[in-house]
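In what follows, structures are represented as structure tokens.
Both complexes below contain subunit A, partnered by subunit B and then by subunit C.
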Partner chain A sequence: MNFKKPILATMALGLSAGSLAADGHMASDMTLVSWGGAYQQSQINAYSDPYVAMNPGVTVTWDESSAEAVAKLRAMNEAGSITWDVVDVVAADALRLCDEGLALEIDADEVLAPAPDGTSASDDFGDLLVGDCFIPQIVYSTTFGYRTDMVPAGVDAPNDICDVFDLATYPGMRALEKRPINNVEWALLCDGVAKDDVYDVLATEEGQEQALAKLDTIKDSVIWWSAGADTPQLLADGEIFMGSTYNGRLFAAIEEQGQPIGMMWDAQVFDLDGWIIPEGLSDERLARALDFVRFATDTQRLADQAKYISYGPARLSSAPLVGNHATLGIDMAQHMPTDPNNAANTFLYNYEFWADYRDDIDGKFQAWLAQ
Partner chain B sequence: MSDTTGSGPMLAADGRPLKESLGRALRRQKLRALALIAPLLLFVLLTFVIPIVSMLIRSVENEIVETTLPGTVPAMAAWDSSTGEIPPEDVFQNLFFDMFNASEAKEHTKLGTRLNYENTGLASMFRTSGRSIDDIGEVFQDAIEDIDERWEEGAFWFEVMNGAGGDALVAERRARWEDLTDDSMAGDLGFTPSQAIIDLLPNTAAAYTDFAIWTVIDDEDVVAEEDPWEAVYAALAVDLRDPSRTAAIAGYQGAGADALQALSAAELPGLTFTEAFAELDEDWGKVDVWQTIEVYSPTYTPGYFLNSVDRELTIDGVQARPENEQLYVKLFGRTLWMSLIITTSCIILGYPIAWLLANLPVRTANVLMILVLLPFWTSLLVRTSAWKVLLQQQGVINELLVWLGFVDDANRLILMNNSTGTIIAMTHILLPFMILPLYSVMKTIPPTYLRAAKSLGATNWTAFWRVYFPQSVPGIGAGSILVFILAIGYYITPEIVGGTDGVFISNRIAYHISRSLNWGLAAALGTILLVLVMALYWLYDRIVGIDNVKLG
Partner chain C sequence: MTATISTTSRPDLFRFTMPLMAAFAAMFGFVGGNMVAQPWLGALVGAIIGCVIAWVAETNLSRRTTVRWAIIGVLGLAGLVFGNVGTAISGVIIGAILSWGAYWLATGQYGTSVPIYYTAKQTLWHNTFKFICGLIFFFLIAPLVPVMWLSFNAQDFFTFTPEMLNFEAAGYSLKHYRDFLGTDEWMVPLKNSLIIAPIATIISVTLGTLAAIGLSQSHVPGRQAIMAILISPMIVPLIISATGMFFFYAPLGNWLEASLGLSQSFVGFVKVILAHAVLGIPFVIITVTATLVGFDRSLTRAAASMGSDPVRTFFKVQMPLILPGVISGGLFAFITSFDEVVVVLFVGSAQQQTLPWQMFTGLREQISPTILAAATVLVVFSILLLTTVELLRRRSERLRGLTPA
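== the complex of A and B ==
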């Protein structure tokens, strides 16, 4: 842990000197960690392939361990050998890694590129710079998809979050994630709690009980998922009527596989995914990691990623550059969770709240599930 | 046999006493044997013994509170936690200096995470307090610098503080940093606090030494060129506000004496640390926060084990957790119960197959054996996912039953995402572990015994039950131990098909390892599981006898 300011300063010098200083003191290989699947492929297409094309000497290795990144980084740190250079994690994990001293603190304006019009990185990313270590990349959302052919005759397709809790009008199984996050917020919203009060209510014992009691009304009709791929599979097999998952998964099921699935964007929960750089890299590897991250999070690169997957770029300046899907050719802008038509009613994952209450509410939630 | 004869000890061919010669040969043999098993021994030690011991230690280890708050914890000894009052100012003062150092080293959030397991909300309390801990020191810094500009200079501070005789203090503070960060803090500081200053201003000397160590060793800067931390100004204010030091300061002759005397005469902010912390986060004024710190301040804690059995350590001793948080005892019970069911169904399904294998002609038996082993050679994940396809409501089994008319289309069977799913899939996956030992035991039972029994007038059933079955019991024993012990620690299958009431304790352990990062609790749960398995093994040995277990 004995580096910090001096190196950051050297780095800043190196960066301002541009590619001149580049290869001299940068490591020539780098291990990137991500989630695998279509998401990682979009990162390879948008970030690492162009980066390698610009820096032919660099070898990039991908690891698909993001789901266990926090535990693995902690184990690596205890063993004193960090083998990852840049790690893709959700913002909540980045906050946790930062708290644990496992991720490098980042000064956004120093490390990240400004927008093409000169707007500083911290303004361009705005509120999405959660915590001191997180470098945002995409905005994704957890939202509901439903089988269009299972909507009962004479009833409108579900378009309200509370339709999930309405078994009388919309009978059938639901799929919800096997953790309290998002589910308890939705439960409270549909139990008459105003959107602005949700977290204040959830911070109390009574509020937590209220949320679980609401979930209890549909408990017998819920399949609990733990992997993002579960809900699309359950929908495709007709096992469930509606289920929550990441919007990109639903996009793939609808547009790429042509499944009879509809999107219900109401009360979608925005969350962020992005990079962290592990604490404890050698100078050369840190230099390479910072160089890559600066490139991979610039305005054009973030917009490019949206060609391959329907997640919104984290920079304001990237939004106008979002174009058509690389193979399907459809306009991606309308499939972004941030598109005004989809974002009429949204929720932003409350990181501070869940950092505190995750273990507590999760304990109660699991005990409730086990009843 | 005696090793002596009438004429003295018996000698070997080389003239040494036979006993000694034999001993040497035996020792050499033992060494050779040891060398042969050394790789295995080393492997077992590295991959088995050490991880288990480290798991055991982790389940009780709780150093983090006293290494992060080395001044606060001893100061709290004087506080009576049962009065319902928050600790006195002295504790808050220590907390300030501890938190300041911890936030410099970015260790305070780790402690927050640790204590948050016990008292929700402490994670953000530590995070926000660490972020603005400088603000408290700045109050004093601004006041001191307003009175005398010289205190703005790093070089002036160095002149006042540097001297000789303070090596003991440096060593003590260095040890604290090392405990806090787990890093070496060795190296030349280019600074030694003067003994006169240590006597005159103990808090300031300690805070300045902390600053010096971190500045030189971690930031790699020169002490005299750096402006002291806000904490050093706060420490100076603490020392100067103490009326018992006024006389000594007035008589002080060393460097910067006039500046100190000027400060001593001036009015310094009366801000107490108790108020200051309440300003950072009002929860510092809550007695339950302090009780949590008090309860978890010892180096070793039974807390994780208590949590593993739905109890908790509180200021009033051990208590049951609230009903709506009780989970683990139920999960342990379910894990044992379902493992038992799975073992029983393996016996019921495996026994006839093993009998067929042992008694059919070799040609047919071989084909059957391949059928038994084939799933064994398929990836566990693939087999479990295949069960998903079979068991789901729109899956193969339900479709078939509906098509045959046994089940109504509207009321399809729920075969997965519950305990049924776990039992079905795990029975299938663990079946070979039952069949193989059963088969190898049955293979050794001569078929003539059965024939003899029948020729002596036994019915088929009597011949089987009285003659054949007792001889196959060792195989059942071996298979049951294998299946039961494997089942009790199973993780992936319950995770995929178990839903909510079909998950095991291992799923919770995995959650605490990879998601909540509560490794202490995971270790305690793992240790309990290990002890349970050993206890059951012991029980088995007492009832059935481990000698009655045969793998072939």
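== the complex of A and C ==
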């Protein structure tokens, strides 16, 4: 019976856990929640492996459930059994969790480490500290990749967001995310609305109609994606000419997988990803979670993550420390969405607008999709 | 027509063999032509090739082996000339199928497997039926082939690269198998599955067998109602059971942790194992109840009359006879737990990540071919397992002096 050993080991662990947890009043087990894939791997390399090396005896378990973090935290809260210690979520989800009282409120200057030159954490993170619970980690962007070998002969590669809507010059399928956010902004931008007016127009019924009407012009040529991995897969298959996804996924497909894909950074939409700590942890687990978060969001650690994935660190003080890719050796600075060459024309995800209008526009968008 | 399709005389070339072969080869031509966006041209070329092969077979009936190898060689060579190694292999396979078909029709072999009194229509139906059966097997098994093939992809995508289709070494790699076998990301879930599934199986087999024996006694009141309740996990939608279990086991787990001081991870395993045991019990009850129908009750009375107590009677007399039902119920319970993803997502926490959970999240977030490597390993493993069980069954039947069926 080969199964006996692990079971006995588990039992022994189970019975002795009470005494092990005494180490510095911090729990010895920690469950971190993230998105899986290359992104989670970069967090393991930059944050949890060094943390465990510094704190032997701590075991870290990763759960790839960030996609349903809000629903799961609600259920855990209702059942009174919180099994997560630190959760990686996008800023919009962090705001919702904070509003519902499911995430711990954080005082940035008290919880997070100051920059090496003494700048306080709240100044170092600046505007990126959205809401009261969110601890920013990276800036990522949703942008377009295209097949370099499918660009029609005699035409320049696409470099304008409106090329997405130009089926005459750039025939072929597109991949867009199966939700209105980003898509409606791009549609209005290419329908003659000035960038500063986009959200004013979108707030009106006519503006929403206008955006959907613009999307209607390419609807027959669109494949709708729901997971970040879909677009790289479709591009690698040659099933689409261009598609939107997270810039780190495109970086991996281009630089690590050597796919014939080019980046089109125009009108990329910045968004933030970071940690929250669930409300309702025991004192020992909370102490461990705070200790980890303080370590994982210091200036050096955030810069280290950029060695493994092309997302920009959220601290100002981390930017000069961004070096070369850990295995490929290429300079990562030019692959960051925040690099001046890439960031000529950008959007920042408008949290307030989408908090107010999301349900409404979502409904219209899904109804339009079903037509 | 009846005269031509008899078992002794051979069918007519122009009225029978050639049109059938033309239609058959045109199907291959249609599929092949589709790859260069010329399906109808392909079908035409295929039909011509079919006619030629039918004629060659008709005129060289006695030199079957030589001619078949020649056809295979010609089509393989044509594939190599017009395409690459991949098309050459397709050419060889198609050549083997078409030349076999041509001789099968031309020699009248199709009529030898049916009784001599069959009419033409009955012979036709007999062969069509066999063809449909073959198609069913094909559609059951064929989806596994690309899965296994793609698991050797050198790239991180579910895509047949040109290198793979040309059978170049550069297009293939074992890196997804290294990812599967060499990283904690996959080995920890596999270990968890191998802890959870066997324990859950033992619990459900024990409880399920006892319940089936109890329910097969005629004097138990409310048998139907008890049976219905015990079987309900199989009928209630899994997502409903999972939600209920989540809210049932969460306070239970909290209590175990708080009052007995057990660790979160251990309690998590207990919760998932109990939940999976509940899902497995209906399968055991159903299979054991079915075997108990054929169990002769006078045997237990005979044992009792010789002074054996009920427990001894159960283990020495009843258990050996219903063992096949118990084992197949146990297999179902094991597979239920080993395949289960919904309940474990609800009840378990990250420390109890099972293999299906890892495959589910991996497929949703990453679309990495490591899942294909995992699937291939599992398919090979289950084939080996079933083969072993079948060989053991035949061995035991041989030992008991029966002819293996």
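By our rule, the second predicted complex is superposed on the first by the 348 of 371 C-alpha atoms of A that agree within 3 Å, B and C clash if a C-alpha of one lies under 4 Å from a C-alpha of the other, contacts with A are read in each partner's own complex, and residues count from 1 in each chain.
Here is the rule we use: contacts are C-beta pairs under 8 Å (C-beta built on N, C-alpha and C of every residue); 3 or more make two chains touch, one makes a residue touch a chain.
Because the structure is predicted, anything quoted here is derived from the model rather than measured.
Novice: Is A:367 touching anything from subunit B or subunit C once the two structures are fitted on A? First, second, both or neither.
Specialist: first
Novice: State whether A:352 touches subunit B only (first), subunit C only (second), both chains, or neither.
Specialist: first
Novice: Which of the two partners, first being subunit B and second being subunit C, lies in contact with A:96: first, second, both, or neither?
Specialist: first
Novice: Identify the partner contact of A:237: answer first if only subunit B is touched, second if only subunit C is, both if each is, neither if none is.
Specialist: both
Novice: Quick one: is A:74 in contact with subunit B, with subunit C, with both, or with neither? Answer first, second, both or neither.
Specialist: first
Novice: Counting only touches as set out at the top, which of subunit B and subunit C does A:61 meet: first, second, both, neither?
Specialist: Second partner only, subunit C.
Novice: Mind working out whether A:216 is in touch with subunit B, subunit C, both or neither, as first, second, both or neither?
Specialist: Touch status of A:216: no partner.
Novice: Based on the A-chain superposition described above, do subunit B and subunit C contact any of the same residues on subunit A, and if so which?
Specialist: Touching subunit B in the first complex and subunit C in the second, residues 6, 67, 237 of subunit A appear in both lists.
Novice: Using the touch definition from the top, list the residues of subunit A that touch subunit B in their complex.
Specialist: Subunit A reaches subunit B through residues 1-2, 4-6, 67-68, 70-71, 74, 96, 98-101, 173, 178, 209, 223-224, 226, 237-239, 352, 355-360, 362-364, 366-370.
Novice: In the complex of these two chains, what residues of subunit A are touching subunit C?
Specialist: Its residues touching subunit C are 3, 6-7, 10-11, 13-15, 17-18, 29, 31, 33, 35-37, 61-65, 67, 75-76, 78-81, 83-84, 227-230, 232-233, 236-237, 252, 256-257, 259.
Novice: Applying the document's contact rule, which stretches of subunit C touch subunit A when the two form their complex?
Specialist: Listed in rising order, the residues of subunit C that touch subunit A are 155-159, 191, 194-195, 198-199, 246-247, 250-251, 253-254, 261-269, 349-351, 353, 361-362, 364-368.
Novice: Spell out the residues on subunit B that touch subunit A in their complex, using ranges where they run on.
Specialist: So the residues of subunit B in touch with subunit A come to 106-107, 109-110, 112-113, 116-117, 120-124, 127, 181, 183, 217-220, 324-327, 330-331, 392-395, 417, 495, 499-501, 508, 513-518.
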